[in-house]
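Each of the next two complexes has chain A plus one more chain, namely chain B in the first and chain C in the second.
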Partner chain A sequence: MSNKLRKFVDKLKPHFSKGGKFEKLHSVFDGFETFLFVPNTTSKNGTHIHDAIDSKRTMIMVVMALVPALLFGMFNVGYQHYLAIGQEVGFWDKFLFGLLAVLPTVVVSYVVGLGIEFIIAQIKGHEIQEGFLVTGFLIPLIVPVDTPLWMVAVATAFAVIFAKEVFGGTGMNIFNVALVTRAFLFFAYPTFMSGDTVWVRVGTTFGLGGGSVVDSYSGATVLGQISVSPTSQVALTDITGNPLGFWDGFVGLIPGSVGETSVIAILLGAVLLLFTGVASWKTMFSVFAGGALIALLFNLFGPDTAAAHFPWYNHLVFGGFAFGAVFMATDPVTSARTETGKWIYGALIGAMAIIIRVLNPGYPEGMMLAILLMNIFAPLIDYYVVEANIKRRLKRAGNK
Partner chain B sequence: MSKLISDKTKAVFLGPLSKNNPITVQVLGICSALAVTAKLEPALVMGLSVTIIVAFSNVIISLLRNTIPNRIRIIVQLVVVAALVTIVSEILKAFAYDVSVQLSVYIGLIITNCILMGRLEAFAMGNKPWESFIDGLGNGFGYAWILVVVAFFRELFGSGSLFGFQIVPQAMYDAGYVNNGLMILPPMALILVACIIWVHRARNKELQEK
Partner chain C sequence: MANLIKTKRGLNIPVNGRPIEIIGTSTLPKEFALIPDNYHGITPKLLVKEGDEVKAGTPVFYEKQFPGMNFVSPVSGKIKAVNRGERRKIMSIIIESDEKMTYQEFDKPDLTRLTPAEIINLLQQVGLWVCIKQRPYDVIANPTTTPKAIFISTFDTAPLAPNNDFVMSGQMADFQTGIDALAKIATVQLGVRYGKKAPFSTVKNAVITEYDGPHPVGNVGIQINHVSPVNKGEIVWTANPQDVLFIGRFFNKGIVDFSRLIALTGPCVKSPQYYHTIVGANIENLVQGKIKSCVSHRFISGNVLTGIKVAGNGFLDPYATQITVLEEGNNTHELLGWGMPRFRKFSVSRTYFTALFETKLLRKLFGNMKYKWDTRLMGGKRAIIMSGEYDKVLPMDIYPEFLFKAMIAGNIDKMEALGAYEIAPEDVALCEFVCTSKLPLQQIVRNSLDIMKKELE
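Now for the complex of A and B:
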C-alpha cells in the first residue's frame, strides 16, 4: 500500500518540479508529499541530531489527541438539542445531529485557513507549513455550535494573516492562532459568542431535529448563570432546570463551546499528549495548580459574589479551563520554553483565568484572555529565567 | 523669490503626504488616530483642525524664530499652539457642536500632538514663513488622509455607514450580516494603521528597515 503510494507520488513529481506542467503548484505538492512521507533529505554540513518525528508528525499527534473532545462535542451537541426540545432519541441520532452541526465549521475553518496558507506559501515561495493542521481543528472546538459560518471564515482569515503570517508563519507567532480567532469573534460579534442563546442549537440541522423547546428551557452555561446571579449562592442547573454538580462538569453533558465541556474527553487527549511527550506536564499541571490556588483563596477570602463562592474544584471542570490548560497553554510555540519558565507561565495562566472570571462580570470565562495575555509574557519569563541561570553560574565560577 | 511654488516648496508639501508621512513613517500622533477614527465625520474634522493649527502655528513661530530666546522656545511654541487650539475649539463649539461633542477632549489634546511640536522644532524654527506654512499644510494633510482612510474602513465595517448615511443595505442584515464590533474598538484602528504602513512600505522599498 505504502509502496504503491510512494510510486504514485514519484510519478507525479516531475510535473510539479521546475519546468513541469504544474510548476506553480510546487509548494502544494511538496506539502502533501512531506505530509505522506517523512522527507529523506538530510542536512549538508555540520553534525545535526534529528528527532525521529518532525513537526508534521507532532501536529498529527495533537490532532489525534483532540479527536475524543471532538467526538464527545458532536454527541453533546445532539444530546443538548434533543434535551432542549424534549425528545427521546437513540445514541446515533444524537451523534448524527451533532456531526452534521459541527462538520460545516470544521470544513470552513480548514478551507479558509489552509487556503490562505497555500496562497501565501506560493507568493513567498515557501513550503506549505503544517501549523494550521492543529489550529483548524481547534477552532471548531472553541466556538459555540451556532456561530454563523461566515463569521468563522472572517475570524479565521484574520487570525491566520494577522496573528501568524505577518509574524513569519508557523513557529514564529506570538499568540495562539486559534485563540486569536476566538478573541476576534468574541470582540467583533459579542452577541454570537456569549449570552444564553448560542450554546445549544434549538433549530434544525439539514432537516434533522427541530421543534419547540420545553417550558423549563434555559440555554445559559454554568459560568453564565454564575455571572448573572444576583445572590452569592446560586443553584446551577442544566438547560431543562435539573441541578448540576462537579461530576456533570467532569462528564460534560452540559452546554458550552463544542469541545470544551467534557473533562473526561480532554483528559484522554492529555494522556496521549503527555505519553508522546508533545505537551509539557509542567505547564499543564501548573495551570491547574495556579487556578485551584487562586480559586481557593477567593473561596476563603473573596468578595460576596456567586463567582467568588464557586468552589475551586468546580472552577477547574466548568467552562474552557481544562481545554485551555491541556491544548492551548501547552502550545510549544507560544508558551514559555525554559523548564522553570513553564511553571511560572502555567501558574499565571490558571491564576489570571480565575481572577478574570471572579472579578470581571463582563467576562464569565477568563481562560481565553488569560492565555493570550500570558502569550505576551512568555518570552519575558524565559528571558529572566535564562538571565538568572547565567548569574547563578557566573557566581559559582567566581567562587572558585 | 522667482517662483511662488519652487521645486523645494513642492517637495516640502509632497514629502509628508507619502515618504515622510507623520503617522506611517514618523509614527507620531498615533494616540488621536486611534481615538477619533471610529466615524468618518469626526476624523475629517480632526484632520482639518490639525492641518489648520499646524500650518498657522508654523507661520507664527517662523515669523518669531529670530526673536525667540532659545532657552524658552518650548514655552513660546506652546503658547502659540494653545492659542490656536482654543480658537479652533471655540469655532467648532459654535458652528459644529455635535462633532465637537464627539471629539470631546481630543481637540484640546492637539496641544500635546507630537506632530505639532515636531514640525515647530524641526522646520519652523529654521525656515521662512511661506515654506513653514506649506510644510504645515503638507503634514496636516498627511495626518488627515491617514485618519480618513482608517475612519472609512472603521465606519463602513463597524457601523455599516459612511458620514452617518447607511451604506450596508437592510437586505444584507436580514441575510445574517452583522456589524463588526471590533472595528469600533481602538485596537482595530491600530491594526488598520499597521495595514496602511504595510502597503506603504511594500510600495516604497527604501522605507524598509534592514
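Now for the complex of A and C:
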C-alpha cells in the first residue's frame, strides 16, 4: 500500500516540479507529499543525525489535544439546543445536532486559512507551514456557535494575512492568530459576538431540531449574567433557570463558545500537551496561579460588585479562562521564550484576565484581551531576562 | 583534590556501534591528503609541487598570515597531486606514501631550556601548531597572542566516541611531555571524567578539574565556560589529548609522528573497534570489508554530531579520532510520519515513545532500545517555533536561542553580549540535533564567528 502510493507520488512529481505542467501548484504538491511521507532530505553538513520530532508532529499533538474539547463542544451545542426547546432526545441526537452545527465552521476556517497559506507559500516559494493546522482547529472552538459563516471566513482571512503572513509566516507572528480572528469578530461585529442570543443555537440545523424555546429560556452565559447583575450577590442559572455552581462549570454543560465550556475536556488536552512537552507547564500553571491570586484579592478587598464577589475558583472554570490558559497562552511563538519569562508572562495573563472581568463593565470576558495584551509584552519580558544575562557577563569580565 | 563540576543539561544519544577495546589489524593506505579547508580559516601558500619527494615532517604549505606556521606531510613519499577548485583555491594535496616512513630529522629539543616563545616557534616550524586552537572563534590559535590558559579535555562524551583512557594507554609519558611543553606557555587546565582514576588524574604540571554529566560535558568549550569563561579581549587555547601526544612525541624523540588510534564506529560497522592509522589517511582500506551492507552509506570523519561527511575513499580530517558509518536513508519513505508511533525513532521530546523506552523500568525489562538511525533531517526547515529546546542541551550560562537569532540577523554587538566568544560550533551540535525547526545551527555559528573575526580583528 505504502509502496504503491509512493510510486503514484513519484509519477506525479515531475508535473509539479519546475518546468512541469502544474508548476504553479508546486507548494501544494510538496505540502501533500510531506504530509504523506516523511521528507527524505538528508543532512549535508553539520549534525548527521536528527531528532525524529518535526513541526508537523508538534502541531498534530496540539490538534489531538483539542479533540476532546471539540467533541464535547459538539455534544454541548446539541444539549443546549434541546434544553432550550424543551425536548428530551437521546445522546446521539444531541451530538448529531452539534456536529452539524459546528462542522461548517471548522470547514470554513480550514478552507479559508489553508487556501491563503497555500497561495502565499507558492508566491514566496517556500514550503507550506503547519501552523494553521492548529489555528484552524482553534477558531471554531472559540467562537459562539451562531456566528455566521461569512464572518468566520472574513475574520480568518484577516487574521491569517494581517496577523501572520505580513510578519513572515508561522513562527514570526506577534499575536496569536486564532485570537486575532476572535478579536476581529468581537470588534467588527459586536452584536453577533456578545449579548444573550448567540451562545445557544435555538433555530434548526439542516432541518434538525425544530421547536420553539421554552418560556423560562435565557441564553446568557455565566459571565454575562454577572456583568449585568445589579446587585453584588447573583444567583447563577443555566438557560432554563436552574441554579449553576462550580461543578457545572467544571463539567461544562453550560452556554458559551463551542470549546471553552468543559474544564474536563480541556484538562484532557492539557494532560497530553504537558506529557508530550509541547506546551510549557510553567506558563499554564502560572496563568491559573496568577488568575486565582488576583480573583482572591478581589474577593477579599474588591469593590461591591457581582464580578468582584464571584468566588476565585469559579473564575477559573467559567468562561474562556481554562481554554485560554491551556491552549492560547502556551502558544510558543507568541509567548515569552525564556523560562523565567514564562512564569511572569503566564501570571500576568491570569491576573489581567481577572482584572478585565471585574473592573471593565464593557467586557464580561477578559481572557482574549489579556492574552493579546501580553503577546505584546512577551518580547519585553524576554528582553529584561536576557539583559540580566548580558549584565552578568559584563560583570564577570569586570571582576577580573 | 581536584574540583568536581557536575552538569545536568545535555543528552547522551543512544546510537549503537560503540567500539570495543581491541585494536584490529589494518594496512596503511597508499594515499594521504592535506585538505586546507579542514584547518578552518587559513590561507595556504604552497611550498611543494607535484612530484616533489617529502618526508614525514616536510612542510607542504604555510599560512599566509604567519609565514612560520607550517603544515607538514604526515608520511614520506611524493606529492601526487595538488587539486585546485574555483579561483585556483587549493582543495587538497595528495601525498603518495612510499611506505617506508622516513622522518624529517629535527634536533631533539631540550624542553627545560626553551623559552615559551621558542616553543611556540618550534611547534609552528615542525607543523604541530595545528594542534592548538583558540577561543574565541574556534580557529587555529594566533601564535602572537598570549592565552590566559590552555584547556584540554581528556575525555570525549560525543556519541560512540573513543575511550581516551584506552587510546592513551602506554603513551602517558608522551602525553606528560606534551603537557609540560604547553605548561611553559600558559597554565594548563585539564578536564578529567569524574570517577576515572588512572591515567589522567595523575598528570603533573596541570590544574585538574573533574566533570560529571551527559554530553557535551566532555567538550572543552563547556569546561571553559565553567572554569574560566572567555570575556571580551581574553583568549584561551585548546588542544585535543591525541594531539598533545604528537607534541609530546616531538619533544621526546625529535620527530613528527602523526600516527594515532582511530575508532571505527556506528550502526553500519560489523565489529566496531580501534585501528592504527595516520592523520590524513585515505579511509578506504580501513573500512573495506568491515561494513554491513545497506542501500547507501554515509561515512563520517569524526562523530555523528560534528564530523565531516567523506566519501568511502575519502580522507581522515586532522582532528578526527573516530570514523562513523551510518545508513544514508534517502531511500526511506515513511508513511504519515506525523501520526505514526515510529517505535524505532529516537526523540528527546515525548511526542514519541522514546521517553518510555528510556525509563529505568522498561530498560530493565527489555534492555536498551536499538534505534534506527539515518542521516535524514526528519522534517522540513522552519522558523524557530518551539522555545526552551536548546537550553536543555547546552550547559552554559547562555541564552542560545537569542544568540542564534542575533547571529542570523548578523548583529555583532548582540553576539558579543550574548556569549559568542565562548561558543564553538561543536558546542551547539546537540541544539542542532534536537531542533524541531531543523535549523543548521553549527553552520550559523561558524559563519557568524568568521564574520566576527573579520570585523573585530
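Here is the rule we go by: the second predicted complex is superposed on the first by the 381 of 400 C-alpha atoms of A that agree within 3 Å, B and C clash if a C-alpha of one lies under 4 Å from a C-alpha of the other, contacts with A are read in each partner's own complex, and residues count from 1 in each chain.
Heads up, the rule we're going with is that a residue touches a chain if its C-beta (ideal position, glycine included) is under 8 Å from a C-beta of that chain, and two chains touch if they have at least 3 such contacts.
Just so we're clear, the structure is a prediction, and the values are computed from it rather than from any experiment.
In the superposition on chain A, A:127 makes contact with chain C only, while chain B stays out of contact range. Judged by the touch definition given at the top, the superposed model places A:233 against neither chain B nor chain C. By the touch criterion stated above, A:278 is placed in contact with chain C alone, chain B being left untouched.
Of the two partner chains placed around the shared chain by superposition, chain C is the only one that A:60 touches, whereas chain B remains out of contact. Between chain B and chain C, C contacts the larger number of chain A residues. Counting contacts by the rule stated earlier, no residue of chain A appears in both its interface with chain B and its interface with chain C. Here chain A touches chain C in the complex through residues 2, 5-6, 34-61, 127, 129, 131, 168-172, 275-278, 280, 332-333, 335-339, 382, 385-386, 389-390, 392-394, 396-397, 400, going by the rule given at the top.
Considering their complex, residues 13, 15, 229, 231-234, 298, 300, 304-309, 324, 326, 328-339, 342, 345-352, 354, 373-388, 391, 397-399, 401-402, 417-419, 429, 432-438, 440-443 of chain C touch chain A. The touching residues of chain B, when paired with chain A in their complex, are 176, 178, 180-183, 185, 191, 198. By the touch criterion given at the top, residues 148, 150-151, 154, 162, 166, 184, 187-192 of chain A touch chain B in their complex.
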